[in-house]
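Look for subunit A in each of the two complexes below; its partner is subunit B in the first and subunit C in the second.
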Partner chain A sequence: MRALAQIWQRHDLGKWIIGLIILLLLALPLLQYIPSEETLVTNLLLFSFTQMFMLVTLASNWNLTGGFTGYVDFGHAVFFGLGAYGTGIVMAKAGWPFVPALVVGAIVSAVFALLIGGATLRLKGPYFSIAMLGTLVAMREIVRVSRPLTGGGAGLTLPPYLNRPLFYYITLVLAILVVLFIRWLRQTEFGASLIAIREDEVGAEMRGINTTRHKITIFIIAAFSSGIVGGLWAYQNTFIDPDIVFLPARTVEMVMMTMLGGLGTVAGPVIGAATIYWLRDVVWANFLDYHLIMQGLLLILIVLFVPEGIMGTLGDRSGTTVGRLWGKYISPAREGTTQAEVNP
Partner chain B sequence: MDQFLQAMINGIMLGGFYAAMVLGFSIIWGVMGVINLAHGEFIMAGAYFTWMMNREYGWEPFLALIVILPVFFVAGYILQRILINRVIERPHLISLLVTFGLSIIIANVYKLAYTGTPRTVESAFSGFWRAGEVTIPITRSYVVVAALTMMAALHLFLQYTRLGKSIRAAAQNREAAQIVGIEIGRVYAITFAICIALTGAAGMLASPTQAVFPFMGAPLTLKAFAITAMSGLGSIPGALMGGVVLGLIEVFIATYVPGIGTNLGIVASFVILVVVLVTRPQGLFGGLKPAGAL
Partner chain C sequence: MTGNGQQPLLEGRGVSKYFGGLAALSDVDFAVYSGEVMGLIGPNGSGKTTLFDCLSRVQEISDGQVFFKGKEITNKKSYQVAHMGLARTFQVIRVYRKMTVLDNMLLSRQWGGQGMLQIFRPSQQRTKKRAHELAKFLLLDHVIDEKAGNLSGGQQRLLEIGMALMPNPDLILLDEATSGVNPTLIETIKDRIRELNEKEHKTFLLIEHNIHFIADLCSRVVVLDYGQKLAEGTPAEIMENEAVIEAYFGAYGEGENDSEA
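What follows is the complex of A and B.
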């Protein structure tokens, strides 16, 4: 066991394994072109992976405000929805091609984050959470009544374009980019400031961190990225209406995945999103009616029993047996934060 | 002028209902520091109880209170003991997420049991009183009377009974209350039970005036939050004022801004919420505790 650990550390096997997984994921759609009796990789499977990559990206974005900065956003789906509607409207009404439309959607979402964040990010704790939940519900109603622009409750149909491998690659690359970006951000002074805001906002302010500007900046970054996901989702779904894009349950998903993986860690949302997505796809697909009930139950169980999440529990060397082994052999440095990082 | 008077009366009546429905939410928050995001779902459950009694046995909606109050009291007590008690001492995120999970579960259990079809509850008092050009729906005025009765009873209970006094003591200072011999666990469980019973009763009050469906809860939770933030935690007069203010704003928007329904009421309550929280975090009226003191 010890020898294995030494090999693991000397060659940095963790990185190799992650690289291998990414390579496999990149190669997956190519299996479609291998001639065989049965299709190895169905479009449905690619679709499932696409959904998962989107959830990974969304959970990672949510983690930027909810995990790193400590502002728990219950309405993050509003940015997903605005991205979807921004993209959808310029494509369906103005006939723009997809890529510029996607940029428009993301910008709409980011601008809205600037406006709403300026007000709501001044609120503390649960007030911020509920104000954002209110923003989500309010935005849904506003979109529903703005019938000439958004199609109202009847929804909006986008020009269909069902190239599953393309969406697979776009979402995969987006997820990788976002995770790498967050990993980089975490090591910058800006990232450390966010954590300082989470730990002690007044203290951070006294040390000369412009907390309001930091909070709004990270809020806009997360909104922009979630707007892109929303636009992609709208295009591959070809139909959007207020109830499916401004879904409070989507925010719950992001929160749940991040919590399960580990709040405020880089890998947490990825692990959490992958776990919950496949659990749901494989296990709950047979109990469709009970799906949301199970989701609520799982949320409660996670919050009560693993509030630190998988990464938190595993990273904590003093914790369980699994956690000790993980801390010793697989990931020697804890990925969460330590006091030393906050106050160097 | 008649339109104005009519809007005024409708707004105040809606406000009376809002005041009754916010009580449970506001007192749980004030006493335990738990923001119950499943609040609207308990209202929905109360409304479904009323609908069942009305459909199966032909009961008058108001009569359903006889069943709702004890059932919801017991349900609330058990729920507090097995679930809410675990989150009281923890950070706010934990209690928010647990009650959010609870709200999803309750709403979807009701959807499974009764489908998503909106239901209506017929009351025998479905006529109107007329005063000049202004009409007053009879059911709604009884709703207001019931709401005021609930508020008065709760006020008397909190002010003058021993248990009520210990609830207020627990809200003001948990440690000191324990030192003087108040059994905090029991007080919390009973508070939660009373609040859930009141919330179920508010569901009954909602049932004759709006459609009953599994997802009616979320907007009500948000409105409860806005009213509570406006009025101060656990303040009964505050709840009445806040409820009436929100009711009036909603009705006036629906009456005078053309082309939008009452759906935008939720937008109004959200705007109020943010404005109040940014400008006056202690609430407009004060209460068991200022809203800013978490």
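What follows is the complex of A and C.
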């Protein structure tokens, strides 16, 4: 195992493997065009991947406020919903083409984030979480009663456009861009300041960080990106109504995926979203009524045994049993991160 | 250096702070002059930390005004005051526990001329150099890549001082920098404060229960009791002041008190 770890580190295999996975994902829809007796890649498979890419993006966005900044947002689905409705309304009612409509949806989300964030981001901890959950529910009802604009509870039908490979590529590229963006952001002073806010907001402010501006900026960025996902989802689904887009369970999903992968890590939401999506759709789906029980059980197991998630546990090897075992047998800590002579 | 006729670096005029009906500070007049090391003492619950919080804008001031470098900062936010050159440490240690010592320092960097867009880039070489220099100065260079939460209490105090010094401030407020610190490190902290004051002309305001620390370092001491200014003078004058002795009930003779309500 150690030898493997050494080879891994020397050749930076992680990067190659990520590159390979991306190449395979890029090539996947092309398999459709290989003539063969059986269909190698069904539209359903592409659809499943599209869903997964959207979830990766949503979980990554949620991680920006919930993971990096420490503001656990139980209403993040409101930005997904506003993106869906923003895009849907200008397409269905005004007849706009998709791309400008998508931008409108994302901007609607971002502007709403600016307005609501100015108020809710003053709250701390559970108060913020509950205020955002309230925002989500309130927005769902507002959309439901604004019948002339939104179609109300009966929903809104978008011009149908069935092109699975196209949605596949758009969502894949979006997910890659968002993850790369977060990876870059993490290395800037802005990214580090977000973590400082999470660790100690009063201290961060005293040390010169304009915490309000940082929080609102990241909130808007996350909302914009989730708005894009919402717009894509609406167009791909061709039908939206308040109950399917402003779904509290969607936020729970983002929270769970991020927690499994690792709060405040770049790769965490990606791993978490992929794991939970395939577990749910491939494994749990066979258990019908029990799949929610399994989902709940998984959440409990995460909190008990890998509270810092997969990436968090691998990053901080000393904190948990799993992390210690990993550090001892599989991948020793890098130089410079060794434990010094310090008090517990 | 009592600064006769000199404009104070930090000045509080009639500073009051009420928590409901409780007056934590009432009408405190107060001035720190450039280049001095001033002490702020008083029994537990006398309002020392509240005064620090008001001065550094962590808490709202109920009544009165605060001036820093001649400009009113009564309604400014603490990050703005930090940008003006005021730094502080906290009685309850506030370091970013999950970050390395180096990252802690880098996040408390120089603020002058920082635009919004400049923060979207990695830390600059200049900042890193200063962080390494300060870590060495505060005997933290051997743990610079260690997570701050893994350091001892004393090392965390030193790190907090380092974080306060990173932006090269003009005035540093130290809130019980020696509490929970072993005697050797206390000597180190004392030497560092003296060195910074003498060589770089940094101004210090210290909250301390360690009376020897105050007597060795400070040229002037202000005593608070029940939120009011009880006395002001040189350490020698203060130690002979009967009102002060009464307020402490002779407690200062024991040397140090670690906790404050």
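Convention: the second predicted complex is superposed on the first by the 303 of 344 C-alpha atoms of A that agree within 3 Å, B and C clash if a C-alpha of one lies under 4 Å from a C-alpha of the other, contacts with A are read in each partner's own complex, and residues count from 1 in each chain.
Going forward, contacts are C-beta pairs under 8 Å (C-beta built on N, C-alpha and C of every residue); 3 or more make two chains touch, one makes a residue touch a chain.
In this text, all values refer to a predicted model and were calculated from it rather than measured experimentally.
Asker: Could you tell me if A:Val303 is touching subunit B, subunit C, both of them or neither one (first, second, both, neither)?
Answerer: A:Val303 contacts subunit B only, not subunit C.
Asker: Just to be sure I read the superposition right, which of the two partners does A:Asp200 touch: subunit B = first, subunit C = second, or both, or neither?
Answerer: second
Asker: Based on the superposed arrangement, let me know which partner A:Asp289 touches: subunit B (first), subunit C (second), both, or neither?
Answerer: In the superposition, A:Asp289 contacts subunit B only.
Asker: Go through the superposed model and pick first if A:Arg144 touches only subunit B, second if only subunit C, both, or neither.
Answerer: A:Arg144: touches subunit B, not subunit C.
Asker: Between subunit B (first) and subunit C (second), which, if any, makes contact with A:Thr211: first, second, both or neither?
Answerer: second
Asker: Looking only at contacts as defined up top, I'd like to know whether subunit B or subunit C touches more of subunit A.
Answerer: Counted on subunit A, the partner with more touching residues turns out to be B.
Asker: Which partner does A:Glu189 contact after superposing on A: first (subunit B), second (subunit C), both, neither?
Answerer: In the superposed model, A:Glu189 contacts subunit C only, not subunit B.
Asker: List the residues on subunit A that touch subunit B in their complex, please.
Answerer: The contact residues of subunit A facing subunit B are 72, 74, 119-120, 122-127, 129-131, 133-135, 137-138, 141-142, 144-145, 248-249, 252, 255, 259, 289-290, 292-293, 295-300, 303-304, 307.
Asker: State the interface residues of subunit C toward subunit A in the complex, per the touch definition above.
Answerer: Touching subunit A from subunit C are residues 56, 58, 77-79, 82-83, 87-88, 90, 94-99, 103, 106-109, 111, 116, 119-123, 142-143, 145-147, 150-153, 155, 163-164, 166-167.
Asker: So in the complex, which bits of subunit A are touching subunit C?
Answerer: Residue positions touching the partner: 185, 187-190, 192-193, 195-196, 199-200, 202-211, 213, 316, 336-337, 339-340, 342-343.
Asker: Could you please specify the touching residues of subunit B with respect to subunit A in the complex?
Answerer: Touching subunit A from subunit B are residues 35, 83, 86-87, 90, 92-94, 96-98, 100-105, 107-109, 112, 218-219, 222, 225-226, 229, 259-261, 263-264, 266-267, 269-271, 273-274, 277-278, 281, 294.
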